[in-house]
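Both of the next two complexes hold chain A, though its partner changes from chain B to chain C.
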Partner chain A sequence: MLASILASGLAVGAVYALIGVTYNTMFSTSRVMSFTAGQLGMLGGVFGSLFLVRLGFPVIPALIATLACCAVVGVVTEILAVRPVLKSLDQHLYVLSTLALALMLQQLTAIEWSTEPQPFPKIFGIGSGVFDEKFWLPIVACAATLIGLEFLYRRTLIGHAFVAIAEDNFAARALGLPERNLRMASYALAAAIGGLAGFAGGQLLLAFVANGPLLNFYGFVPVALGGLGNNRGAVVGGFALGLFQQAANFLVGGIFSSVAVFVMFIIVLLAAPQGLFGSSSARRV
Partner chain B sequence: MRITRREFTKGTAAAAGAAAFGLASPAIAQSGPIRIGWLAALTGASSAPAIGFDRGVKFATDTINAAGGIKGRKIEIITRDTQGDPTKAVNATQEMISQLKVDAVWGPTNSGESLAITPIMARAKMPNVHPCVIDSLIDPAKFPNAFRIAPSNTQWDDAVRSYTLKILKAKKVAVIGDTTGYGVAALNASVAGLKKDGAEVVYQANIDATQPDMTPDMLRAKNAGAEAIVVWSTSTGMDARLFNTRAHMGWDVAFVGHPSMSSGEIGALIEKPTNWEKVYAVGYRSCSYDAGGKLPPHSEEFVAKLKGKIELKDTLLWWVAGGYDAVTLVAKAFQEGAGSHEDIIKYWNGVKNYPGYFGEYTFSPTEHNGYPGKDVVMSDASTAKDGTFRLAPGYA
Partner chain C sequence: MKADTRNASIAAHESEGSWRTTAMHALPFVTVFGFAAIVPMVTNDYWALIATRAAIYWLLVSGLNLVVGFAGQLAIGYVALLTLGAYTTSVLVSGNVMPLFAAFGVAAVFGAVFGVVVGLPALRLRTFYFAMSTLGFATIVTQIALAWQSVTGGGIGIAGPEFPAPFNTTTGFFYFCLGCAVLGTWMTANVAHSRFGRALIAIRDAEVATESLGISKPRMLVAIFVLAGAFAAFAGGLFATLQTYITPDAFSFDLSVLFFIAILIGGRGSILGPLLGTVILTLLPEFAAPLAAWSTFLYAVLLLAVVLVAPGGIAALLDFKNRRPLQTNRAIIPRPALLPDILSRERAGANIALRGITLSFGAVRAIDGLDLDIAPGRIHGLIGPNGSGKTTTLNVISGYYAPQSGTVSLGGTALEPGRPETRAEHGIARTFQTPRIVGEASVLQNVMVGGTIAGQGTLVESLLALPRHRRDERMLEDAAKLALRVVGLESLAPVRADRLQHSELRFLEIARALMLRPQFLMLDEPAAGLSVDEIARLGELIREISRQGVGVLLVEHHADLIFDICDQITVLNLGRTLAAGTPSEIRQHKEVVSAYLGG
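Showing the complex of A and B:
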């Protein structure tokens, strides 16, 4: 039982963590919580299944095509749902605009793809039992993403530009950074990370339109637990959520496991409102 | 034309008088085509059943019209695509009642839409025949115009319980449903029925259909000593995960339950074809073939009629047969002299052992569930062949 909890919990946790990173990456350059993050995870599975199963692409081209398609969705999100409401961030209109776009993406997928889960094939065919590929692949994808992002933010010029925009938007613009293009690039990057979550977790979650709301919801929890904008916190929060959820599935089962997860979530937020790894911000008075 | 005040007063008085004497009640044209409204979710999320029913509707219409119609009157089907949306179904129903003035309505084909339109149809006294399973849709006192030609949820439950207890001879049963309203209600009804019949329900759970790993629930069911698992879910993904998990656990417990377990989509979701064995889903005797691959003679006759005209590979025979039967039930009412909505309802109330291709229907003024419960049987879920299934083992 312990092995099952660990294998399944860490795998699902890795997917949640990647969706949390998607939220954070979008947030960093726009100060917007885009509720399309979960839908991008769903689309990663759907595009993956489309390219691998229906169109018969080899794995690498299928992965590239999936990430590219998700990146396009990310750019569209920035243009349609984020940019028009940036001027009135304090009114939180982005909640409505990004939720509306998320709903449209879900409906479109249901109509054009299927409302029933579709198969997602084995990619490498390595491992069985608790070491099955469907369990370790999301974890590997999560680790690779985190390392890649650290490298991007610390060692590359465009990464420094992202950080500059995230730190102080006005100052970065005053220095001549192309804020709009960088924001679009960060949305494309975030969407590709969301797509990777769906692709790597495809064998576990299947290519299923109902995964969108699920990932939107559970992907947000690591962000809140780990602290907004903190990718390492999101990863720790994601794994903790996955493990706790799976343990609750075994111990209390069924719908009660969701109750257990959100009781834990509320308790953590009561104890640390800024998240476990977030720092409380000073407010000028 | 100029209308004088005197003419207007006369006309108003005449209209009021006609209404007082009942002359304003819906009358059916005695010439011209017989108009049947068809509320079909032909596109959208749950379109597969309606597409199958539609093939039967068209086949019945073409057959009747090619033979000269009913007393010289052709059948005209007026279809409205509701897309599975109750709001669209309500709008289409209003249109059929108020503007199109159809003679009877067939459909809709899912319970969500039917819940929305059934009271509207009842107010208009519109003869309505449908295949939706929710029990409350049929109530001759509240909805004297509504007739069901498919099994109710209770009949499904009876068949599942009977197979589990009498044929599989399971005494300890686990019951699993999804977390939808349907899954919760069906699970509760199933558990109550099993307990009433003396079974021990050793485990029951509602599981979110998107839950990626079914091991926890399957493990608990196994540890509780379940000898059969009854499943009430429309989610093929959840079904396939349950079957795959059973295989990983090396357990050979039988699954019995909802028809979705025999959906063709499961074939692509299971890891090995053997994972789909010992799975028995609700089916119908008229659409089940025996060990020799033969359907009942009446069904063989229907399939022979359809051959080369209607595709069965991508649909279910009962959908096609149900659509066919619905049209012929309306047509038969006119054949027997129906001239108004009331006449059609009166005729249907007297139908006894009507030999449809999906089932042999019997209605009465107090019973509008026309499908015979004895013909609801279990199918061997993985044996689909041209829209039919092999009868599950154990039936005579």
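Showing the complex of A and C:
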């Protein structure tokens, strides 16, 4: 039992962590938390199933097509729901505009795709039992994303530009950085990460429209635990949440595992409002 | 004596006028509910059911409106509380645990409790966290309803509560729900038009300012979470009765979206707007049957359109009286002679004393060992170059910043550091460098917010419009009108505050601060952006305020104003006192002249 708790806990934890990273990546260049993050995870599964099953693509082209479609959704999010409300961040209009877009995505998927869970095929067929690919695939995707992001932020020029904008937007613009294009790029990147989460977790969560709001919440919990904008915190928080949830699931049953997660969420927020690993806060007066 | 009779006659005249405005406010509601009341008489049962549903939704939305529309807290998952109420009443009634109305009472209590639990993150954290916690709650409540089969019947469901005669017919039940909706409207309107409603809007749009007025955000929010949760759960019980049989499917997230969007389409800070929004959104799928599957998509499109194009919603479209152009060449003529009427109170005669204050932001020492005394009845000027720590000092006194060392005390009692909401009760009022006002509220309402802590009545008294609530309202309105006459803005009282000029906002903030009947008044660059004439009148007003025994701390860059009216001046540089003394001493001070005054 311990092995299956560990396997499924780490696997869903990796998906939650990746959604958390999606939130953070969007947040870093725009100071906006977007409700589309969880929907992108859902879309990753849906697009994956669409390309792999319905259209019969091989794995690599299907993955690339999924990530590309998600990236487009990310760019649309930036243009439609984020850019117009950036002027008045303090009014929190972004909560409403991104929520509206997330609902549109969800409804569109429900009507054009299906409201029932659809199958997601095996990709490699390697491993069985607790070493089944549906368990290790999300973990590998999460590790690859983290290494990739670390490389991007530390070694590449565009990564340095992202960091500069996240650090100090005004100063970055004064240096002549193309802030708007970088923001769009970061939304595309974030969306691809969300899509990857859905694709890698597809066999676990299926291509199911109801995953959207679920991932929105469970992907946000690691962000709240780890602190806004803190990717390492989000990953640690994601795995902790996955393990906690699955342990509760096996030990006390499905009803109470979601209650346990919710209670933990509220308690952590009240005890450590800035997250367990800290985040930035703004000056008020 | 003469003044008294004059005030009394004004009051009598106004109460007649206020009766008429109340009637004007009530007319649209009477029309809407009147139309609803004749629905069962002129149509069939089907439309009566639709109207019942609209009434139930509105009962929930009217409570939620205080959370979303007034307090600005983005609660997106209120279907969870509807579900909670529906299952609580169904389980209790169909299991014969208790009679129907007792079950509704229990449901309302549950709703209130969970309304607060879900709202807890809103008390300390950013908006997005609260939106998430309500979303999370909505997700898990449905899961629980599905999984907890022994109680909720799982996916098979459970029978809803049945009402006794005469409410067991379609029409009878409709009138019961309509009655609840009318009652809900009346109660939330009472709250909205009380000091609580104004404070909620101020928390939404000018949170920092509400702290300086002694308004406790957590207490306010908890109170309305209780109210909105109870309303929602009660509505849930009615919803279960209407459905006759409930399954988790009946409580899709789409319903949450409907409630939430009805408020935003209706317009924040309004009651009529969200009422119309609820009616429209409930009826929309009936008139566009082929689009029924797309209804949530349409709601979402509407939401995006409202946010991007018309943030004011229906209420802003109906706000005709604020479209009339204002007089363009209006002048602000304060009446300092009226100040004794508003500032008369017992004066303790104690000083505010700062001792050894230091405060660093990172490596920057904003204040570096500052001592300062502010005496009642004196004007103390605080000048210095940019970044010398003037506003920071003011923020330390008013509690926004906690200094790393040193104390702020008033007459020997230490003022709690980092607790701005405690200053108002000590009679310390302030204005802000950038005016912090509620743009969507009228000038009069903005000033009335300043007197929030002077009210005696509780929220429950306001909810039911009991005498103490009405007395508070009269007292606050009279005081606010007087304060507006003092600063010379009385002709703008009914105007939306965001239509005012910058200089008028500065005087508006002073009027709001006067509502606290302050012992001390701290002004942060009150003359910035004012014309020469206005600065002269401002100076006169400040001097008269200090003559009433109020200690004034004046942070200002206009050297003329400072040297004209101050009794005492402190010059700051790099967080330290460069010089202190009377205006004539400062004028002679070599370093000050060379570093700051020039010449």
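Methods note: the second predicted complex is superposed on the first by the 278 of 285 C-alpha atoms of A that agree within 3 Å, B and C clash if a C-alpha of one lies under 4 Å from a C-alpha of the other, contacts with A are read in each partner's own complex, and residues count from 1 in each chain.
In the analysis below, a contact is a pair of C-beta atoms (placed from the backbone, for glycine too) under 8 Å apart; a residue touches a chain by one contact, two chains touch by 3 or more.
Fair warning: this is a prediction, and the values are worked out from it, not measured in the lab.
> State whether chain B and chain C clash or fit side by side on chain A once the two structures are superposed.
clash
> Figure out whether A:Leu205 sits in contact with chain B (first) or chain C (second), or with both, or with neither.
In the superposition, A:Leu205 touches chain B alone.
> When both complexes are superposed, which of chain B and chain C contacts more residues belonging to chain A?
C
> After the superposition on A, what does A:Leu243 contact: first (chain B), second (chain C), both or neither?
A:Leu243: touches no partner chain.
> Contact-wise, after the overlay, does A:Val59 reach chain B, chain C, both or neither (first, second, both, neither)?
After superposition on chain A, A:Val59 lies in contact with neither partner.
> Per the contact definition in the header, classify A:Ser4: touching chain B only (first), chain C only (second), both, or neither.
First partner only, chain B.
> First (chain B), second (chain C), both or neither: which does A:Ala272 touch?
neither
> Quick check for you: in the superposed arrangement, does A:Phe217 touch first (chain B), second (chain C), both or neither?
So A:Phe217 only meets chain C here.
> Identify the partner contact of A:Leu146: answer first if only chain B is touched, second if only chain C is, both if each is, neither if none is.
After superposition on chain A, A:Leu146 lies in contact with neither partner.
> Given the touch rule stated above, what does A:His92 touch, chain B (first), chain C (second), both, or neither?
So A:His92 only meets chain C here.
> Could you look at A:Val163 and tell me whether it touches chain B, chain C, both or neither (first, second, both, neither)?
In the superposed model, A:Val163 contacts neither chain B nor chain C.
> For chain A, what residues appear in both contact lists, the one with chain B and the one with chain C?
After superposing on chain A, chain A residues 111, 214, 253-255, 258 contact both chain B and chain C.
> So in the complex, the part of chain A that touches chain B is made up of which residues?
That would be residues 1, 4, 8, 11-12, 110-111, 115-119, 129, 204-206, 208, 210-211, 214, 246, 249-250, 253-255, 258 of chain A.
> Can you check the complex and tell me which residues of chain C touch chain A?
72, 74, 76, 117, 120-121, 124-129, 131-133, 135-140, 143-144, 147-148, 208, 253, 257, 264, 293-294, 296-297, 299-301, 303-304, 307-308, 311, 391, 395, 400-401, 432
> For the complex, give me every residue of chain A touching chain C.
33, 80-81, 84-85, 92-93, 95-97, 99-101, 103-104, 107-108, 111, 213-214, 216-217, 220-221, 224, 253-255, 258-259, 261-262, 265-266, 269-270, 273, 284-285
> Inside the complex, what are the residues of chain B that reach chain A?
44-46, 179, 205-213, 215-217, 219-220, 235-237, 240, 248, 263, 265, 268-269
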